[in-house]
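Next up, some structures in structure tokens.
Common to both upcoming complexes is chain A, partnered first by chain B, then by chain C.
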Partner chain A sequence: MNKIKSFFSSLIKKDSTKTVVTSLWCALLGLILGFFILLVINPSNAAYGMSSVLGNYLIFSNPGDRLNYFGQTLAKTAPLIAMSLSILVSYKAGLFNLGASGQYSIAVLVICFLGVGANWPWYVVMIIAMIAAAIWSAITGLLKAFFNVNEVISGIMLNWIALYLVNGLLSNSSSVWDGAHSESIMITSEYNSFIPSIGLDKLFAGNSIVGLGMILILIVVIIIFILLKKTTVGYELKATGLNSDAARYAGISKVKSILIATAISGALAGLSASLSLQNGFTSWRLSSVPPEIGFQGISSAFLGGLHPIGVIFSSYFIMHITEGGSMITDLGFSPETASIMTSVIIYLSGFVFFIKEAMRKFEIKSELNKLSRNKENKV
Partner chain B sequence: MSAVLFLLAFVSILTIVALGGMFSEKSGTVALSLEGCMTFGAFNAGMVMYVLPNSVPAGISALIVILVAIVSAGLYSLLLAVACVTFKANQTLVGTALNILATALAVVLIKQVTRTEALPLGNSRLSFMRFYEIFNVNFFGMQGVSFNWLIIIALVLVPIVYVVIYKTRFGLRLSSCGENPSSADSLGINVNKTRYIGIIISGALAGFGGLFLITMNSEWEFANGATGFGYLALAVLIFGQWKPLYILLGALIFSGFKTLSVFYSSINFLNNLGISSYFYLALPYVVCLIVLIFTSKKNVGPKALGEPYDKGKR
Partner chain C sequence: MTTLNNMEETTYAIEMLGITKKFGNILANDHIDIRLQKGHILALCGENGAGKSTIMSILFGLYAPDEGIIKKEGVEVKITNPNDATNLNIGMVHQHFKLVDTFTVLQNIVLGDETLKEFRGDNLNIVKKSLNYLNKHIFKILDYKKAREDINKIINQYDLQVDLDKKIKDISVEMQQKVEIIKMLYRKNDILIFDEPTAVLTEQEIQNFLKVMNNLKKEGKSIIFISHKLNEIFAVSDQITVIRKGKYIDTLKTSETTKEEISALMMGRKLKDFKEKSKKTPKEEVLRVEHLTMIDPFSKKKVVNDISFNVRKGEIVTLAGIDGNGQQEVIYGITGIKKARDGVILLDKKDISSYSIREKIKAGISHIPEDRHKHGLILDYSIYENTVLDRYYEKEFSKCLFLNEKNIKKYADELIDKYDVRSSGDGNTIVRSMSGGNQQKIIVGREIERNQDLLIAVQPTRGLDVGAIEGIHNLLLEQREEDKAILLVSLELDQVFTLSDRILVMYEGEIVGEFTPEKVNKKTLGLYMSGAKKDEVNAIKEGANE
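Up next is the complex of A and B:
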């Protein structure tokens, strides 16, 4: 009995447990606020709307539909995981990657020309897209390392430059552009550039967008986990992020760390584009604002406690309620309600540090109380 | 002539929002949420413009709309203040959250009010022709040249902001909280309270900028938020090196290229070059990036920018 008790008390004291608890708390509060908004908009349908958001594919009674939509949510989670890792890696190096949307856009450009236009094999397209996005992201790194330009601002500027570049180049080339719908031509399973399904589609009622991409992203998560935890490069990145002056005294090159971090996070943002476009569930639409996924990545990265493994769960959660949100239009709610919930969750994740600190203080206090009580007993 | 007025309007929007951001950054909080505050102010003002009956006289309704934009955005920025000043949250994170939240809220609620039998899902676009005509008047009686009189308010605010920042006790205290909060605190200045005030002023001015932006058109698509103007203002603030006159200059350069992207097709020489319109759209951002390269080397921003004030570290 005592053993179990001590196991639980050590579990509670662990930092990772605190992160999980606070993240769950943020998610819960975000959902409650979302429910409140649904109540304001349409009280009679709010409960059913909320259950659709939370249930997502579970609202279907037919098991085939359930599996199909479950597979869709899983497949759409993969690009979000990649995006969260992109935010996470740069954050560990002390940089905030607000330019992820731009890196994503540049990868989209490459994928459209090489994947749709030239129809190259999927892995070649994926790798070139990642390299292109990494180079685009390294511009931010170069500007930061050599000219001291704030990475948040240059990232935002590069988002807009990439947006207009991609809009202009894609909409003017008829081989990749579907003028009737004003979007880029979708990559379907007939293309060589389509990420193969390797039989996984059969597990999900024939949903062809479920496939190798999901396995690839899990491998990438493990690679990033090892990179940050076990390698010199990862150590140097984190050291620069924690205290760049101290890192410099220890002989770690700040320039190198910044360039590596921005390049890796750019490549991951590129991977995110590849996993969405080459899986055939999105295309590039003419838009006057940078793609939203770059910002969604921020929410799942922070909700996942800035941990590569945690990001898997937080990305799934966010995709789950986003997909669920797209199902409530019939009830008279707009799908952006899910976006309100996610932004509230990001907002609340800002408080994580404070809550963890409060938990720590509470622990110390109870620990001290225990000590003084023991003393009294002895006396 | 209309190009000049367009330029002038752009300059005043960027300047007023960037000056707003200055209040927040001078006191030590990153003003990333300018975009969200613009959107939120514009959204609330837009809603009022949408529901206000025509029977309300033009002057009074204009005043109501301006006040709604300013007050609502000021209140919205309180969310930033609570998270970043009181709870010491990451300022970039919270700023980003507020930017997404403002657009999402605006879209959801506008779709709710624009819902009709024929359009069951509603529309994230609001049109306000009457107010477009109230805010835009003929420029000194010239036909076809419309002039948004909010420019005058913005231009009057510039010298006022200058005086407040540099010549008043409040302005100097504000700067001290962003430069060296520990010594400000030791001199009896309430750092957190000053930062709250700075953030609220910044939100209020951004809200005014948001209203100004949408009244340059007779309708606005809220799914696009403030179309990145808040971010531009932040960039102008940084390459204006947190100084009002440089900010004005920066806004002028930026607006020049922005105006070019709208009017280039009417300049024969540029139109004959046959360059894609997207090039001109991207140009202001490219120029901004280049200017940043030359102005960022020396770190001249407030020294405690981005750091929550911790009394224990004094």
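Up next is the complex of A and C:
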């Protein structure tokens, strides 16, 4: 009994456990605030709305529908995981990749022309999209490494350049543009560039978007985990991120580290685009804001405790809420309400470090209180 | 030897009784008692990791003690954060100064205790009153004039001359320390804590600092002085409290004890004599620096001006001088941290001037940098990871792209053993949690174990205690015995004299004199270091040219 107790108490004291606990707190805080917003906007339907956000696919009574929508949520989680990894890798090297949306957009451009227009095999399209996004991202890296331009600023600027570049090029080429819906032509299972289902769709009630992508992303998670933990490249990246001066004194090239980190993180953002578009559940719409997923990735990376494995769960949570949120429009909530509410939850989730700090202070305080109480008892 | 414990009637400015603090399984402070008498200077001494800084951090409110009470003038007080300490008029000068580099001296002093502009006088009309109110709550315009007057009063009273309008980054370390002292006095602190204040000062500056301490004492301030330099402790303190490995050992009156007694109490054993330097003739040349010139990118000044020297196998060559006379830049130039404007660097007769840092390391340079936190270690990496910081890519430690963790651990464990690196756990311990001496041992061990021809050591004993200094001195001398070429940069004259075979004195970016320690005394060296002899040297040079 005591053994179990001491095991748990040592588990609680572990830093990783603390991160998990704070992540849960963040998620809870976001949910409470989201519920509050529903209450303000439409009190009578709020409780039902909340249960549908939380329940997502569970609100369907038909098991087939449940499975179908569960599969959909899972498949949509894959690109978010890729995006979170993109943020995570650059963060480990001391960079903040706010340009992920732009890298995503550039990959979309490649996928539309090569995947829809030329209909090349899916893996070729995926790899070229990743390379294109990596090169785009490396521009930020070059600016940072050689001219010390802040990566956040150049990243945001490149987001807008990429956005209008993609808008312009896609909407003007009829071979990839569906003018009637004013969006790029969706890649469906008839295309060579569609990521195959390899039979997984049958497990999820014939939902064709469930497929190889999900397995691919798990492999990528493991690769990134190993890269950061076990390789010399990861060692260099983290050393540069933690103390770039000492890394330089030890002969680690800062330029090389920055370029590698930005390129990898760009490639991952490109993978994210590939997993969305080539899985056929989204396309490029004319838009005046950079793709939202680049910013969701930040929340997801932090909520996942900046750990490759943690990111799997945080991405699923965020996607679960987003999908659930999209269902409440049927309950008399406007689509805007749904997105406000899910955004609140998602962005509060990014507060992990903030809450961790608050928890630490609280711990110190309670320790002090205990101390003074002990003193009083003695007196 | 009289202990002070039975002098109950004395008034104490501060009493810390039975202070206990645990970090994980380590007992940093174990029932420590500190009693500071009003208007006295109490020296707190002990080796590195003895718990000196911890107990002062507790007094300053940075840590909460697990047990024990603090009394100010006999009344028990609670100090849970630095603001509480400030409100109790306790001030502290940390080992690493807490100043804003880009602010002026004046701004730094008022920072956190700003006086707002205010209309004063008897007949304040409604406009002035409301302006005062608005300024106090909304605009918050500062009254630099009044602050300047107040600070000038302090400067004159305690003889602490500084230029209030210079920026911190432009003034010397000694001046920065004065700013820290004025900061405390400006806040009307009467209990002053100095954490190793002389570690960064030169010989002359130390003497000045001791005078300042005496001035402060004369004006009725009570001072706690953390140090392990016995000369200074005996020069100024009234009492000495010794702690060892977190335990309270004793408190003695300075006038009634001896240096030998204190150092024995500190170490729990007698100080072994430093190893004597053996007679040795240096062998072939390892490093040759020719006409090295370095330019400061901001001021465009020549910080190193046409310097040439060499280092041979089996000798220790020391760059001596007052801090900031270009010694650091010479090292930057040799190691490639900064680009040289001009000059050639030859290592084993090979021109390495244009090599990158990594290539220079590979070519055979070991470097113990001055600032271990900023340049020597990745503090959030473990001991294992830090021991291979400049050689993780070697065949022994990596295969293809993968780190060979087994070999790294094996190598690091050997290094931990050999250099007696102590931490709260095994090699997975994060370096940030370790004491300065042990952190330095990792760097020194790492650089020596690379077994290179040239070892560059910049202030390798900075901020370390007697025991650790002894260890590092002996390691350097051992390297000399093994025919390594050693280039040392040191600000401490004692160190310069015990270790060097040749002393190169630097002043304003130039080498103004070369000596062997047997043929020069401290006073002459000091004169060269402060530039007093430079004109003479120049005159001789010019004479030779003609």
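Convention: the second predicted complex is superposed on the first by the 333 of 379 C-alpha atoms of A that agree within 3 Å, B and C clash if a C-alpha of one lies under 4 Å from a C-alpha of the other, contacts with A are read in each partner's own complex, and residues count from 1 in each chain.
FYI, contacts are C-beta pairs under 8 Å (C-beta built on N, C-alpha and C of every residue); 3 or more make two chains touch, one makes a residue touch a chain.
For clarity, every value in this text was computed on a predicted model and none was experimentally measured.
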Tell me which of chain B and chain C touches more residues of chain A. B
Which partner chains sit in contact with A:364 here, chain B, chain C, both or neither? Use first/second/both/neither. second
Identify the partner contact of A:178: answer first if only chain B is touched, second if only chain C is, both if each is, neither if none is. neither
Counting only touches as set out at the top, which of chain B and chain C does A:248 meet: first, second, both, neither? second
According to the stated criteria, A:337 is in contact with first (chain B), second (chain C), both, or neither; which is it? first
Quick one: classify A:351 as touching chain B (first), chain C (second), both or neither. first
Answer with first, second, both or neither: which of chain B and chain C does A:239 touch in the superposed model? second
Interface with chain B, chain A side, in the complex: residues 37, 41, 96, 98, 143, 147-150, 152-154, 156-158, 160-161, 164-165, 167-169, 172, 288-289, 295, 298-299, 302, 329, 332-334, 336-337, 339-340, 342-344, 346-347, 349-351, 353-354
Taking the complex as given, what residues does chain B use to touch chain A? 30, 32, 79, 83-84, 87-90, 92-94, 96-101, 103-105, 107-109, 111-112, 115, 120-122, 223-225, 227-228, 231, 234-235, 238, 276-279, 281-282, 285-286, 288-289, 292-293, 296-297, 299
Of all residues in chain A, which touch chain C in the complex? 230-233, 235, 238-239, 242-243, 245-253, 364, 367-368, 371-372, 375
Mind pulling up the chain C residues that touch chain A in the complex? 64-66, 69, 78, 80, 335, 337, 356-358, 360-362, 367, 369, 374-381, 385, 389-390, 392-393, 398, 401-403, 405
